[in-house]
Amino acid sequence: MRPDVLPVMLVFLPFLAGLLQFIAGRPAPRLGNVLVGVNLLLVLALIPGVADEGAIVANLGGWSEPLAIHLLADGLALLMLLLTALLAVAVSLYAMAAWRDQHHDALRFWTLWPLLLGSLNALFLSRDLFNIYVTLELVTLAAIPLVLLAGPGKTVDAALRYLLFALLGSLIYLAGVALLYAQAGTLDLALLADALPDSTLAGSLGASLIIVGILIKAAILPFHVWLPAAHGGAPAAVSAILSALVVKAAAYLLLRLWSGPLDPLVTPAAGQLLGALGALAILFGSWQAFRQERLKLVVAYSTVAQLGYMLLFFPMAVTAAWQGAVYHGLAHGLAKGALFLAAGNILLYLGHDRLREMRGIDRPLAVSLLAFGLAGVSIMGLPPSGGFTAKWLLLTASVETGQWWWTITLLLGGLLAAAYVFRVLRLAFLQPPENVPDRPGMVPPPLMAWSATVLAVLAIVLGVVSAPLLELLGSPVGGSE
Amino acid sequence: MTGIEPLAVAAAGLMGIGLYGFCLCRHAVRRLLSINLFGNGVFLALILIARRLPDGPDPVPHAMVLTGIVIAVSATAFGLALVRRQARTRGDDET
Amino acid sequence: MTTFLACGLILAGVGFYLAGTVGLLRFPDVYSRLHALTKADNTGLGLLALGVALLAGSPRLALLIALVWLVAIIAASVACHLIAGYALQVGECGDEDDR
Amino acid sequence: MTALDSLLALLLLLLAARCVSARSLLQAIVAFIVLGLLLALSWVRLEAPDLALAEAAIGAGLLGVLLLGTWRSLPLGHGNERIPLPWQGLRPALITTGCTVLAVLLTVALHQHPEQAAMSGLAALDQLDAAGVDQPVTAVLLNFRAYDTLLEMGVLLMALIGTLMLDSPLPRDTELPARTMLPATLAQLFLPLILLIGLYLVWAGAYSPGGAFQGGAVLAGAGVLLILTGFGEGDGRDGWVLRALLAGGALVFTLAGLLLIPVTGAFMAYPQGLVTPIMVLIEFSLALSIALSLLLLYTGTPGLRRRGER
């Protein structure tokens, strides 16, 4: 089989599954689970090709260069695809148990989720500016109905706010695309860098609009206001997807575009500005996470903070920072997925997620708390987790470039993360008061508990297997060594 | 080409006014309208850009506009359904 | 000669439109506004269509313009009827803040 | 002709300002609809009649009806607000400054012309012969960049799924139109004409302005007319045939992409002899999907039925 069939399959098969599920009109979780399994196999099958040749390109439609749409699987895309595929398996197993008895919600989940998976794959594989716009919209419009699965009455405010910001963000992005097309005459990321004339106002303005649009979609600090309610209010499986993958997809685009087509347009000052936004996000998000009274909001604000780390690549722009930022994306994705799934289990058992009334759950929810703790290790950045490797790389970069202020940010961020993770764990392990009221909820089935744990273990393992993965990633395309 | 193209000013102005409305309006329908104003500005800009080709308008931006209109309208329709649902939920709460 | 006639017709049409618009802006209530709009604008549209049809030069185009004119006045009169009916039923709407 | 352009530009800006600043939400919506129609007019002048058609039908027409319907379903006075003027406080002043700067920069940027003409556009016009249709925009949408259109159909479908999850259909007109027979008669009179135009637009998209999007929008408009005049209404139930038609637009692309790999050895490439028939098939299933999706986005219900039918 030709290797370039694989990227095409990664987009089209999930779409096919989603559409068939929509037409069928009754939930088929098995189809969904087979799909995520096949998806993982396809991604794994991509690895040798990318490792040998550096990248696999598929031409859609067979048209010639400036016109055609290409799918590109390079190291960066492959790692994000791998993260998506691993999370997809865990989340699907979790969802199979979570929506077992709810016909309507299950049908909607199993329709939207394959479509979202296909959209995410399409986004990671895209090599075309306008294509990215459509996939961004696709991801958003699959994600918001999924948020509504928690009950439209409760989540409608959060969903509406999410939609408004997402729509504005993507139209600002589109305005930037229009300006860049006017200058370069092509939408292909690979051709854009060469085709753009040097430092015109239109080029710089286009690049800035593109970046601002993506920052809104990625919920970076001044634009984070829509995130906590949406991620905190969604069902656990959906929160995991949103926090680990959907906002990450936007952050990924920033890395992809900055180091590639926008490279001739960006300046060191812009890099420092983005880094400053990232640092603010880390400190503000962590502090907010520490102050929250509800578990899922703690985890949601933690996402605001953790996304900030990926921005620290931009001021430093060396290979170590590149690797650190991407690795942070992977580690955070796995750990955050585990945290949200575990939080969902706690919510299921208690019937609420108020931190102060959470004590005494250590025995019935031992496995879920194990997942929470292990994932917390990675979020805090303790060895030997994936989070540690990422932060170590970022620290190395900050020392290497002599930008000591990021070192301080990284250390403070780690401390604050430790504070909010341990706060949750301490409350969970406190002895219950004497007269424990009857628990209204149920002990989550093993499938739900273990799918969270598997993700958390993967987040730890990520710290051990870093060498081959980083080799696969390589260095930034346009950046300096 | 010299001189100012009036419709280019209109495109830029629509984007500016749309952004202004998004920042200052509170009601969701008004914000949706503002977003669509911004979008209309972008579409107008794309159509102006398409005219730069010497032999006939450039079909690529035209296709982008057509795709963009459908996406914007379907997302806005979804937003309006959310607004109706929100109003209903609030109405139920008050009674 | 034809061009001359067409220009005259179009100018006359524009004049009727202008009158209708002034009526819309200046008249006090819904009914008299509708009166101004429908009468003046339909005549204006007719004159305009006639003028453009003369300029079009081909019978096919002229026929199409006639069709456009027909559909437009049917739609306009039905819309007028509906607005008047609504006004009659609900009562006069204020200028601002009617709801 | 710059005078006319200037007038259009001025009107567009005034209407946009009105849309943002009107105190009554209804007036804001009306300003938005009029702006959409004027925008369509300006696009005709910019050699984009097919886009003008789409904007008038979808952007101003269908969205306009939907906005008005939503306004009617909101409680009295909902959404009436006076936004602060630029000099009334620090925040409005800052935002005004920012937006003005952005608009000025955009204006300058839109006047910067690069040396060479757009490569992709030239390539598209160059390879038009191989695309199976003569109309460049249709060729880009359905062949050169068919992948975008597939993803776009996905967006449409998911917006619809999301809308249906909310279970908030537009309220039915109960009081007004039933009093008079005129609209219903008019609808009966015009419906064949509208259907004809819709189908013609789909068909004509291959060689002249028009296409699946415009045709689909006009067909959806016919449906809206039927609902407004009381012949049809939204239904709480759906059937698999309807769902298949809704998914059809995306499905036909997906299948074309997957099934043709063994035939042509490429992705989303159509075999030489069959390009035109495949394009026609795609165009009609797209138009049908678009028409039905837009119509259901309008009603907010999963199904449709004739009025009074159970």
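For reference, chains read A, B, C and D in written order, and residue numbers begin at 1 within each chain.
Here is the rule we use: contacts are C-beta pairs under 8 Å (C-beta built on N, C-alpha and C of every residue); 3 or more make two chains touch, one makes a residue touch a chain.
Every value quoted in this text rests on a predicted model; they were computed, and no experiment measured them.
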Between A-B and A-D, the pair with more C-beta contacts: A-D
Distance between chain centroids, defined by C-alpha means - chain A, chain B (Å): 28
Averaged-CA centre spacing for the pair chain D and chain A, given as whole angstrom: 31
Approximate Å spacing (C-alpha centroids) for the pair chain A, chain C: 57
Sequence positions of chain A contacting 2 or more other chains: 67, 130, 134, 137, 141, 144, 152, 156, 175, 179, 181-182, 187
Residue numbers of chain D (touch at least two other chains): 105-106, 110, 113, 117-118, 120-122, 124, 145, 148, 152, 155, 159, 162, 166-167
Multi-partner residues of chain C (each touching 2 or more other chains): none
Every chain pair meeting the contact rule: A-B, A-D, B-D, C-D
Parts of chain B lying in touch with chain A, wherever the complex brings them together: 15, 22, 28, 31-32, 35, 38-39, 41-42, 45-46, 49, 52, 60-61, 64, 67-68, 71-72, 74-76, 78-79, 82-83, 85-86, 89
In the complex, chain C residues that touch chain D: 71, 74-75, 78, 81-82, 85-86, 89, 96-99
Chain A-facing residues of chain D, complex: 105-106, 108-110, 112-124, 127, 143-148, 150-152, 154-155, 157-159, 161-162, 165-167, 238, 240, 243-244, 246-247, 250-251, 254-255, 257-258, 261, 264, 266-269
Chain D residues touching chain B - in the complex, by the definition given at the top: 2, 5-6, 8-10, 12-13, 16-17, 19-20, 25, 28-29, 32, 35-36, 39, 42-43, 46-48, 50-51, 54-55, 58-59, 62-63, 66-67, 70-71, 73-75, 78-79, 81, 83-84, 92, 95-96, 98-100, 102-107, 110-111, 113, 117-118, 120-122, 124-125, 136-137, 139-141, 145, 148-149, 152, 155-156, 159-160, 162-163, 166-168, 170, 211, 213, 290, 293-294, 297-298, 300
Chain A residues touching chain D - in the complex, by the definition given at the top: 5, 8, 12-13, 15-16, 19, 22-25, 58-69, 108, 111-112, 115, 118-119, 122, 130-131, 134-135, 137-138, 141-142, 144-145, 148-149, 152, 156, 175, 179, 181-188, 191, 195, 197, 200-202, 205-206
